[in-house]
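My structure is below; once you've seen it, I'll send some questions.
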């Protein structure tokens, strides 16, 4: 008997996924999502469920919205879903996410990280879009699971359920991570109380360039990223009567932004910079006293990202000084560089082939975008363990982050099968861990 | 008997002003205001009331909001006020404003221009603020008569009422001009059908630096202004994976804006430039495909404003080209330079002294800001007539365009007295007109 | 007998002017010029001749060239002209200029300021150019008296000679000021030891818009000016291999210069800014470690110039900081705003008419450019005296600062006549001085 | 007997090298150098010597100085060196460089490319600097063989001499290429009449990171480069009186340069951009009508360089348009990407070991800088041949392009030995060529 016999049915997994798909919540606002996950875990039966500060280092959260915004989503979730009020209490104020533990005694600890947040995308109403046609389109208008995190949650729950029904020796921990789209939750979870004893960390993502049936055993080349929110504050003045009496926050911004795009390329590798979300509401008859914007920088390595971020800070500060303004900035998202460990990639490549529905295993995927799963992967690799990011192929019709993105649900049991098999293999025949 | 005996009571004028103060409407959305003005005019009794295209050249309107915005205000006005539906019909779609005519046969034609629109300012609820204390605070939350146009309407209605009760030979025309705050209505009204036969044009504004009892007989030095809305459109791309595939509308904007602030100063006199209302909503992970902003330029003369505006257009177009973007821009507000005619300023200075409540007459005020009354004044001066802008002092507690601005109502009968007396004097003893 | 009988002949004045025209020397390098002036003064006979630190506050000199440059001109002057070696010694190292005193006992002190330096312009060899045709074209190739300072020196010497032959009670002081074209000498001379007791200060310039025979009695509206030399220093790096290892002085310069052109216009009046003399010699394969340039700012008042200069300093410093460079800057030229005193302008207007050859007297000229005579004029006006700048019309064929500029020599006796007459009038019938 | 017995003595090679070191000449001005090379070739005895248009496609030369500059160097060379006047005639006007042919009948054609130009670096006079101590320091003050091209010439002559004394079947062609430092000669020589029949092309450079005795068998990763000279032309105006009347070439430059540094990074790989050699001579009191500068862009591939160059052109043109200026630009240097062919690298690695004095062979060097030898290498590889760039290690004391750079002369016979051996090996046992 292999674990595969214990994989929940496609129908069960599809039902779970649709429950989450219907109520997408963006980063740090996954209140319904978290409580629902807890309920499902209890119904499956696990040894421990950690939420709130027990799941992650809340001081390391990035990009947490303001209280008003959090409260609005919290109330909506409570109104919608009749979940356990003590869990709601524990996660109020943006302490979303959970860690589930299945403890079967001596043996290695295998971690699985799945992300749970959604995106500010308005879901398609086109009848060709399955969620619209089959009645589980987003009910949070303007938000959508447009990156497959509904499937990721399902992978997490499905893998627990599979292993819960199986025999193994060791511990399985599933990290339901919030705020991946903000690159805001990875660091907090990697610094939480449940990481230290993990020997193998497996991240997962649908697609990664593979159609349904394809598998990617490892990933490398994700760019490290830092995203800042910044605001220049100056002094208003009448633009016609006394332009000299203003301290022009817009000129400070212009100077900063031009120079951000001019940060020198680096000998060591790829860097990126981009500015977005610019807003200055002063009318033209007033010298602007307030400009808000965001900037993100990336690097082929964490160090290169650091080089860029240091430049950003210097540019923001001297641009403010130049125009007698002040500037405040804060990191609202961050990811680091970490590549999968080749030993584990090899192992995954070897076992994935045997899983039902798998037609092709690709050892490596070259990224180029950014993911904060790297924090969790690196935390484990750095302490002598092994980590990888596994791609579960799915022939998604629309592009990522667009209104018609969808997950082919045949991928759900395949994904659970792969992840369970890999975990099982690690419990049975571990790689040597320092 | 002088006209002064016929000036409506302070109580009557205060009541009128408060009716308008309670329902402030911004430019081209003065639906309630216009219909109410028409009703008051009918109750006073005039010879002609023109609204819609009969009042102004609607093709020359600037800064007209989009249809959705107009409709929303229109419905609100209709719901609130049970006015004549044919008047409502005539002004639907942003054709606000009115011209009232009192025709007493042969004699000169005297024009009086009053503006009627309000500002996007949230009115103070402080009990020290009279409208709050006495119950006529704005009921259009977020909008306010914060520049005294409610008093201006009252001056217009009061002057008509005064002269309606008086003997004179000639014609009085009162121009109730919309959208002054947008610098959007002056050009349209100056090109309307009622300007051509006006011999004297009098604009009026409360305050102008004088306390209650003070009068300013003329004004000069208003800066000509042009305000444009512009939008750069480029091509999105993933900022991490393929920044080169974007056409960065934000970089186009940055280049344009830096260069707008660098337009050379001009030998002939004062120029101004300022950028505001900047918005780019693309996230930092996307090369921006859309930036909207506004720019205004001013000049000591209309020609200097033209020099600046030409520079703006060239800069916007070449910045777009530099970044392979496109740009669209449109003038949303404009005013020209025109100074009061000294002969008329002298006349006003002479007669204002005799009006009850007037304590001081200042011949000239130096402006520095911009006003689109200049279109109406210049239209009359250019065809051999005379024009001036008269300031009616008022000890306003808060500053212009702020939540605590207020008009001291003692100024209302004084203002009507001055304007009526000046008109009467012009009917009786005209300046020689070419 | 009036002073006019004592004015030297046109032939004598022409001969003097040509002697100076032939050997033009730029600011702080007027070695031949100064020694020659001293020789002429001795031959005329005066009571005191001050040179070097006795003539001006050498610590306040601006724009003094480096030692090597000074030495080269000094040697050339010594080689060319067999003048008094003690005078040469006194002015070595850029201490050029002189003050001549004619002391006739009790009575007012009248100052006359004439500037003595030349320009880096190559004089025309066109036979239509009188100096070329008549053999007194510049012998310092590349330099030229292209602004008439040769005539100014002649006015100074001619006026002394005229008054030396005349009876008067009081003191005449003539200030032969160096480095006007650099705006480098005025401040030093205004702070020198000979200013304090001056009751009337008269500056003079040929032309000022008037043809030969015209006179301008006073001037106003000269812009105050500050000119800085600045240099950004960074760190070189290979532009291909390691651009990030440089600290790009050119990017610092670009940021600074863009922002210099964007310094806000000022409510109080005219301001100007311009950058020039830019040089960065690093090849493109090296991140630039050095950029030198100059910037000048002007203001309608000295305060407005100060506003601009403060902005320049802030911009330079923060641009350097932004790019991890250093910046050094130093003022190399400066002038202030000072208008002629109306009382003295009236006096000049009254007496100039009587001078032989004068066909028209214009009371006021509006400037718009900058002159450092303002330091001397203001020093006297501020301590209760009177000052003015007198224009001596001349129908110059070429434009100022161009290779064909020339002074019509008929203007020379007219100019000496006017200046002598004004001085004589002040000795005889002074304005009341505080 | 191997070729190695025929390698000229260290003394002979040193003497040749010093003769060239003493008279360094920059690109397209190698008049002495070329004539001297021809003389040496004649003394060695070869079958053909091509110079001028017979050696390269003169229409494809890049960065040729103006006629005046060329003439000056040409006269100096003729005055210094009593060489053949018909050779001087052939190369006048910047047609420097030569190709030497040793034709020994049927067999493959092996090309060797050596570059011959020097740099604008002032050579050290430090006694620790061997050329200074031993009396062969540069006699062209301000210029220096600071990149070892004197050794390269010696490699070329020495290899011919070696093979001239040896038996082989085939043809040896040595390309003495001018103007490598300008990236100006490679394209012209690769398009010349002697390339077509070459089967193997070998470039060579001293050092490449190896000490004396080291060898690099192949190189890859040189960045493609394009360097442009550009000039903005505008209209002067007085910066104080009438700044608006100018068309500011400096503002056009600032806008262009800021945007050049902001050209987006490219998904396909490394790009670079840098601006240098900036000069604007207008004084600050004049709106600048002329700014000259250079810009270089690089790319990891020739296509990436093309992407950058296209962006440069667009930016220059739209910046000119923005400020109503004109702009002219022209490519003055260019190189492409080409990596050594692995088959040939393997062959070199194999045979180099046997050469006297060789202590280590490194198969590959990663470049990162740019070299126009790539044109010649690619020309041969593209037509079915093989090419590589061989590094001849030398423990140079000072860094490349600095005043104390020197070549350890022990490297001279080693280099000739390697190059001769590789050629011999190719004559005897060719790689299969398409």
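We just call them A, B, C and D in the order they show up, numbering each chain from 1.
Rule of thumb we're sticking to: a contact is a pair of C-beta atoms (placed from the backbone, for glycine too) under 8 Å apart; a residue touches a chain by one contact, two chains touch by 3 or more.
Just so it is clear, the structure is predicted and the values come from calculations on it, not from any experiment.
Engineer: Look at all chain centres (mean of CA atoms) and spot the one farthest from the centre of chain A.
Structural biologist: C
Engineer: In terms of residue-numbered contact pairs, which of A-D, B-D or A-B coincides with B-C for over half of them?
Structural biologist: Repeat of the B-C interface: A-D.
Engineer: Could you state the distance in Å from the CA-based centre of chain A to that of chain C?
Structural biologist: The answer is 70 Å.
Engineer: Counting only Cα atoms for the centres, state how far chain A is from chain D in Å.
Structural biologist: So the centre of chain A lies 51 Å away from the centre of chain D.
Engineer: So which stretches of chain A touch two or more other chains?
Structural biologist: Chain A, residues with two or more chain partners: 241, 243, 251, 255, 258, 261-262, 264-265, 267, 272, 287, 368.
Engineer: Residue numbers of chain D touching chain C in their complex, please.
Structural biologist: 223, 225, 227, 238-241, 243, 250-251, 254-255, 257-258, 261, 272, 274-288, 291, 294-296, 298, 368-370
Engineer: Quick check on the complex: what are the chain B residues that touch chain C?
Structural biologist: Its residues touching chain C are 258, 261-262, 264-265, 267, 270-272, 368.
Engineer: For chain D, which residues are in contact with chain B within the complex?
Structural biologist: Listed in rising order, the residues of chain D that touch chain B are 241-246, 248, 251, 255, 258-259, 262, 264-268, 287, 307, 314-315, 317-319, 321-322, 324.
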